[in-house]
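Shared between the two complexes below is subunit A, which has subunit B as its partner in the first and subunit C in the second.
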Partner chain A sequence: MRRSTIRPRRRPESLVEIYEVFRRSGHKEPFEHCGSVTAPDARMATVMAKECFTRRGEGRHLWVIRRADIHSWSDDSLPDPAADKTYRFAHAYRDVIKKRALARSRAQADAR
Partner chain B sequence: MSDILAAILIALADDELIIGHRHSEWTGFAPHMEEDVAFSSIAQDEIGHASAYYSLASTMVGQTPDQLAFGREPGEYHNAVLCERPNGDWAYTLARHWLYDNADALRLEALERSSRPELALLAAKIRREERWHSLHAELWVKRVAEGSVEGRGKLLHALAEAFAEVRGLFEPFDNEERAIAQGWLTVPSPVLGARFVETTTAALDDLGLPVEIEPGAITTELIASSSGDLIATDEESASITPAGGGLGGRYGRHSDDFKALWAAMTATYKIEPEATW
Partner chain C sequence: MTYEERWTGFEAHIDGGGMVEAGDWMPDEYRAGVLKFIEMHANSEIMGAIPEREQIPGAPSLKRKMSLTAKVQDEVGHAQLLYRVAEDLGKSRDAMYWDLVSGKSKFHNVFHYPTFHWGDAAVIGWLIDGAALVTQASLLESSYAPYTRVLKRICAEEQLHLRHGEDITLELASGTDRQRAMLQDALNRWWLPIIHFFGPKSNVDKDLLLRWRVKTRTNEDLRAEFLDRYVPKVLELGFELPTPVPFKDAASGRWVVNDEDIDWAPLDAIKKNQGPETARRLGLRRRSYEDHRWVREALNDQTSQAA
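And then the complex of A and B:
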């Protein structure tokens, strides 16, 4: 049996951490996630992020955040809610003005 | 007179081009992926600075920036020998990157006050980018210096090796005293060299890296040379090693390392010098 000579390289976990990088193109734009870098500390992560993600003038403002410091939430069952929640969308109220006008005209007719 | 300034601009450009070329040799080989991109980006910045200096000089000498960058013979390049040394290991690359960018920061600070507005403006522009290079170098050096015994040992060795040739960066330019008299240059190279030694040894001290500098080796000798003594000394010692103590580069005297670099760097250009890219 041939033994593979390729072995996964051990990553010295204590040396580097993953930092998520957020970038914005201007003062009025929102920060958006653009990638991640590995670095030994936040300052080095900032330098790496600057060189990796602003090389073509994509932005002048960066945030780097240790991935371990990000609190996340997800629920894949969300698109299948237990009850009808269309009332949470604006389109559910599209006919309300028409219905209200109709109700008013009926009320006026009854009054006569 | 403008050829004096052109020669100085070309020497400045040569430093940037040659160290940029060396930095670029790490592309694909840097210690990790982010560093590969970062260091390649820094290499491109340095070559970009070279291109800007060549462009300023090109109108004065009637040659294109490409002709200046790739169309000269090895003895016509005036970069410091330190810039042409092979990368060696990452420790040497880092040590040289840190020393060079510290030196460049001092030089740019002085150039920003040049009486030639186009040079002063360019220096200010370059300096904005160099701040990031310095930070990159500083963070790396600090981390390795405070890291494992092995890394620290390698860095210390590399710093000593690179420091031994750092004087070449402060070797006076041709006709420097005339450029100073015109206000094109604001600080004589030897004075900058002395400042460099002061700030760098203080920084090394802060890092707890005991790099010993022979008493007077850089400071006094370079200060004394502001009157042109260094040039005279150099002429006398021209028959000894071409790059003794990192000197000679400003007068076109390079190491064999440069010849190999030059051959590789100019190979494509020579195939079709008139080609546009």
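And then the complex of A and C:
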């Protein structure tokens, strides 16, 4: 096919940066990451984010944050903690029903 | 760690169902393969907006004009999301756009064909979006995590597009003889390109994207799902499908086509960017690239930033 003579012009230095976009659907929801946009500043990033991520009223609240300003941590390779830390979870206390029955019968025994 | 050791670790991670994030270590072949794949998807979204846009003036009512316009906007929006994900793999949007408009990179075969009337809007909106959705839904399980996250959003919107296309189709199918003839005409022209859409039989042994779960299913598997799902829907409306004529396989009970009935020559031409509408549509994109240069430059202008 025919080739174009148009070439992308070299830019001295690109000012465009990546902004991560967070969106909240209502006041009872937390902000959630929904994607990213490129923009030269935060104001423009907000405009881009609004166009990209709220076309169907998915949210009225947006945060845009320069990717370079985000500090993150993750480590999938961390082994399961050696110590038993089930006490941090609700399911560790499932036997309250049994314990309640026990306590009740104890109370009845005392009353007698 | 040597490159080979890292490679082995990476494969074990993938084999164990692991996902890959943009900042993770990945083999160069994985990075290049995923980038090319997502770039092609993004190109297809932005080029796919053109044939549909062509039918906006021909829409039969204001409501149809508005809904088709919204759909075109969605497709361009998908391209925005996908180019962003691809950029994070190391190729700038400008370079991708340039490769597209200069004919160096590719976009999906169905967007290389002309449209003629509102019947095209029906078939594109229903069957081509249906085919795209079968493919994209399979990619939700891809190993490249940033891609699956944007696909979630894209698939939700494609579901809506599918309803939109089906709505147009059913309106034509229940209309006048002329309306039905328009739909049949569009089906006759689009059927073979839709069969091509899924690509030729996958080479399972050689396809690294399949091995690394970037793609999760073979081309023929996706085509088979599409045929079994959509052929009965077309036939029950009283329309015919041309060569390769689908039939119900006696053994499996599924709707299929004979592989030897598929003429691959048109797809081979499109792969070389020599489809019927390739040059004209790339020309349109090139023109908009030029027309909007001032916007890119204004966004990037240091002096206006300082003001």
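Basically, the second predicted complex is superposed on the first by the 78 of 112 C-alpha atoms of A that agree within 3 Å, B and C clash if a C-alpha of one lies under 4 Å from a C-alpha of the other, contacts with A are read in each partner's own complex, and residues count from 1 in each chain.
One rule holds for everything that comes next: a residue touches a chain if its C-beta (ideal position, glycine included) is under 8 Å from a C-beta of that chain, and two chains touch if they have at least 3 such contacts.
A quick note: this is a predicted structure, and the numbers were derived from the prediction, not measured.
J.: Is A:T38 touching the first partner subunit B, the second partner subunit C, both, or neither of them?
T.: Once the two structures are laid over each other on A, A:T38 reaches both partners.
J.: For A:R55, decide between first (touching subunit B), second (touching subunit C), both and neither.
T.: It touches subunit B and subunit C both.
J.: Where does A:V47 make contact in the superposed view: on subunit B (first), on subunit C (second), on both, or on neither?
T.: A:V47: touches subunit B, not subunit C.
J.: With both complexes superposed on chain A, which partner does A:K28 reach: first (subunit B), second (subunit C), both or neither?
T.: The answer is neither, since A:K28 touches no partner chain.
J.: Could you figure out whether subunit B or subunit C reaches more residues of subunit A?
T.: C
J.: Quick check on the output: what are the common subunit A residues between the subunit B footprint and the subunit C footprint?
T.: 16, 37-41, 44, 51-52, 55
J.: Touching residues of subunit A toward subunit B in the complex: what are they?
T.: Within the complex, subunit A contacts subunit B at residues 16, 37-41, 43-44, 47-48, 50-52, 55.
J.: So in the complex, the part of subunit B that touches subunit A is made up of which residues?
T.: 32-35, 37-38, 41-42, 132, 135-136, 139-140, 143
J.: Where on subunit A is subunit C touching in the complex?
T.: Residues 1-4, 6-9, 11, 13-16, 18, 34-41, 44, 51-52, 55, 76 of subunit A touch subunit C in their complex.
J.: Give the list of subunit C residues in touch with subunit A in this complex.
T.: Result: residues 18, 73-74, 77, 80-81, 84, 87-88, 93-95, 98, 101-103, 149-150, 153, 273-274, 278-279, 282, 286, 289-290, 293, 299-302, 305 of subunit C touch subunit A.
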